[in-house]
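As written, the chain order gives the labels A, B, C and D, with residue 1 at the start of each chain.
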Amino acid sequence: MLDKNGIAKRIAQELQDGFYVNLGIGIPTLVANYIPEGIDVEFQSENGILGMGPFPFEGDEDPDLINAGKQTITAMPGAVYFDSATSFAMIRGQHVQLTVLGAMEVAQNGDIANWKIPGRMVKGMGGAMDLVASAENIIVAMMHTNKRGESKLLPACSLPLTGVGCVTKVVTNMATLEIKDNAFHLLERAPGVTVEEIQAATAGKLVLPAGEVPEMSL
Amino acid sequence: MLDKNGIAKRIAQELQDGFYVNLGIGIPTLVANYIPEGIDVEFQSENGILGMGPFPFEGDEDPDLINAGKQTITAMPGAVYFDSATSFAMIRGQHVQLTVLGAMEVAQNGDIANWKIPGRMVKGMGGAMDLVASAENIIVAMMHTNKRGESKLLPACSLPLTGVGCVTKVVTNMATLEIKDNAFHLLERAPGVTVEEIQAATAGKLVLPAGEVPEMSL
Amino acid sequence: MAISKVVANAQEACAGIESGMTLMLGGFGLCGIPENSIKQLVNLGVTNLTCISNNAGVDDFGLGLLLQGRQIKKMISSYVGENDEFERQMLSGELEVDLIPQGSLAERCRAGGAGIPAFFTPAGYGTEVGEGKETRDFNGKPHILETALTADYAIVKAWKGDTAGNLIFKATARNFNPMMAMAGTITVAEVEELVPLGELNPNEIHTPGIFVQRIFQGTGYEKRIEQRTVRTRG
Amino acid sequence: MAISKVVANAQEACAGIESGMTLMLGGFGLCGIPENSIKQLVNLGVTNLTCISNNAGVDDFGLGLLLQGRQIKKMISSYVGENDEFERQMLSGELEVDLIPQGSLAERCRAGGAGIPAFFTPAGYGTEVGEGKETRDFNGKPHILETALTADYAIVKAWKGDTAGNLIFKATARNFNPMMAMAGTITVAEVEELVPLGELNPNEIHTPGIFVQRIFQGTGYEKRIEQRTVRTRG
């Protein structure tokens, strides 16, 4: 079973040289800590920076320099600042090659719900709806089940949708899954997790590969 | 009868303190030479400058600094450069208070034609269609008749239109006219021009004021 | 001579703002918000405001101050997760809320300023956001029609500005400020530093002064940090 | 580490451009045009091009060079008044021409780069430009629906650029270059000065490198002036 950092580490393997990447709040943010050797990527934060660097050293925080999670950050050499319209021109115009988002629910057809629990949590969608409607390569990073132990990989989302048919891959604490043909296709098991455990924790349609299910190599 | 500079001088009287102004190619460009005392205006050129100044001194020409007529220009203190999309955001968004344009024909309903003579002259509309479709205050600066002596103030335009029902005022070598209620309303005579001469040179519906027609004071 | 937009302070800059008006307020979280003008709105005591702003501040800062005083009737935002009072007023129905995808919010403000009354975007298709909106496929992909946003007053915060209203923003404090500056019938800009005409490089200006009607140099910027995140020195 | 976009020269930058492709070329008149790349297009001898560019150069410079060699099948422009060969080919029917209002051209390129497939504008309503296009009233005023433009290659010219493809333009040589940079499947940027990473102020960059796939430092810029207009010293 992976922890949050493990999920991030696994997703970092999806980074390719030359990718511009948007990382959502939460687990996705951690992906930046595991960029593979010899790979050049740049991180876009939708509030208006490309070339986002690590958190500042204590005392170096600049209130005018934050990421989309409102955290203080730094800028890498070659970074650039821009306004919100330009930022979403990058996103909507598909200039960002990889988007990593958290989710409350993912459906077997690629639907995602991550912005609203009616009558209870009303935080807003922020940039998530633009991201999922536009990106061609969307990976969801999340726990396989919620706090009550219920599967977050569903036949259909029960919560209000953020986007339809858009998620291409899901990496959880238990598995890596590809979404296609209206099903979750199991690609990898997390270390120490059995196929049976994944089956039990997946409410949506799960398709197993012909042979063995490989364990993630992290 | 006015010459081109006279027309420009008369139009300059329409400038008000705080106006952003777009001047078209030709006679309109000359308006900048006659800004009334004590009035602050700024000239926008749609190729990407606000705060356009006079032509440069010989030897100071910068090929990267031109106006929409491709003429070398200078920038005033407080000037700003921007891209074409932003430039037309200013125009389309009605942030420019006065637009002065040349025309081949103006109709009594405010239609204007100034970009194309079918089968003969095909230069393109440039920014004129955006300007006339957006501006609320459009003055046409032109000769009252064409080279063949035919009226350019018509019941209806015969040439392909640049915009519909948009011209609010016309200043020619002979007169100042307001367009409203589907007619040209004569406001002023140019020095030495009689009402009869204006009537003879105006093919569209001409409405005379109740009393005397004042002569322009230049 | 360039047109001067200078006013003395937030009081003069906010003159004319009345109850029931629609305001745009720049900023992302607490970053790049017009602190001086927000305080003046509290002082003015205007109510029934419709506020268009990406966020709603925190309970005791930014737009949260207007929420505390029940000055806001309706918020148009993309994310309001940092404000308990907001959530309370929203869930209780005291506050009308229109939540909009962040990119659509930015583009709708720009459109409002640029004379584009409506545009198609894929964001929100198939979700609550798309309900009741016109849908059309382009290149085989569904899009929804979104309309422009404008405001009686747009209130923005810049780093530097000159007397002609030209603005330069700093780092990610730029965010929504440039588009909102375009979309106000009256646009108020407060700046950390107001400089004389000609001091800003015309190549480096983010918001041309034509979009700004009033500018003043603010005072006492607090620039509160919402999430102070640091790493330890190695 | 930022992603490097550097190629050696116009030859490498234009690799892959083939006959029949759609190209966007920045510039207004002869101001801010990609001189090196245009020469390389002449060298490549590619034909049947669709060129999207505000103007068509003059007879012996800029896009006029491609017209002389009959390399262009179709031009999409707003104003072509300075080119006799253009007018001859157009009136004789050798050259297809789509004339577009300048603001719509700029906005359609931006839309293409920004994932906005279509938008409404008042420009061209009631004229030839509006014929056959969807019309709709907003606030009592008629508008027409215009669609986004994209290109196989967008070729732009900047003043300074860094290895990550970030661009800064000079004065009015900016014009169409930033929007076209957004709208190319492959965007080529030629710059007068290519600087190392970190040398450009991230606050002053006009075109973020994400929009640029290839960048090189051009040589021998002629920067021809179309209308040299001066005043005499007093």
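The rule is simple: a residue touches a chain if its C-beta (ideal position, glycine included) is under 8 Å from a C-beta of that chain, and two chains touch if they have at least 3 such contacts.
Worth saying up front: this structure is predicted, and the values here are computed from it rather than measured.
**Student:** What's the overlap between the neighbours of subunit B and those of subunit C?
**Tutor:** The common neighbours are D.
**Student:** Taking mean CA positions as centres, which chain lies farthest from subunit A?
**Tutor:** Comparing chain centres, B lies farthest from subunit A.
**Student:** When the C-alpha atoms of subunit A and subunit C are each averaged to a single point, how far apart are the two points in Å?
**Tutor:** So the centre of subunit A lies 28 Å away from the centre of subunit C.
**Student:** Just give me the whole-number Å value for how far the CA centre of subunit A lies from that of subunit D.
**Tutor:** Computed from C-alpha means, the inter-chain centre distance equals 36 Å.
**Student:** How many angstrom between the C-alpha centroids of subunit B and subunit A?
**Tutor:** Taking the average C-alpha coordinate of subunit A and of subunit B, the gap between them is 55 Å.
**Student:** Give me the residue numbers in subunit C that touch at least two other chains, ranges are fine.
**Tutor:** If we look for residues of subunit C contacting two or more partner chains, we find 107, 110, 114-116, 121-122, 169-171, 202-203.
**Student:** Going by the touch rule set out above, which residues of subunit A reach two or more other chains?
**Tutor:** As it turns out, subunit A has residues touching two or more other chains at 49, 75, 81-82, 85, 88, 91-92, 134.
**Student:** For this structure, give each pair of chains that are touching.
**Tutor:** A-C, A-D, B-C, B-D, C-D
**Student:** Using the touch definition up top, name the residues of subunit A that touch subunit C in the complex.
**Tutor:** Against subunit C, the touching part of subunit A is residues 45-49, 54-73, 75, 81-85, 87-88, 91-92, 111, 116, 119, 122-130, 133-134, 160-165.
**Student:** Applying the document's contact rule, which stretches of subunit C touch subunit B when the two form their complex?
**Tutor:** 1-4, 110, 112-116, 162-164, 166, 182, 197-198, 200, 202-203, 205, 208-211
**Student:** Report the residues of subunit D in contact with subunit B in the complex, numbered from low to high.
**Tutor:** 28-32, 54, 77-82, 87, 90-91, 97, 99, 101-107, 109-110, 121-129, 159, 169-179, 206, 223-233
**Student:** Tell me, which parts of subunit B touch subunit C in their complex?
**Tutor:** For subunit B paired with subunit C, touching residues are 17-18, 20, 40-42, 44, 49-51, 75-82, 85-86, 88-96, 134.
**Student:** What part of subunit C is in contact with subunit D in the complex they form?
**Tutor:** For this pair, the touching residues of subunit C are 107, 111, 114-122, 136, 138-139, 143, 147, 168-171, 202-204.
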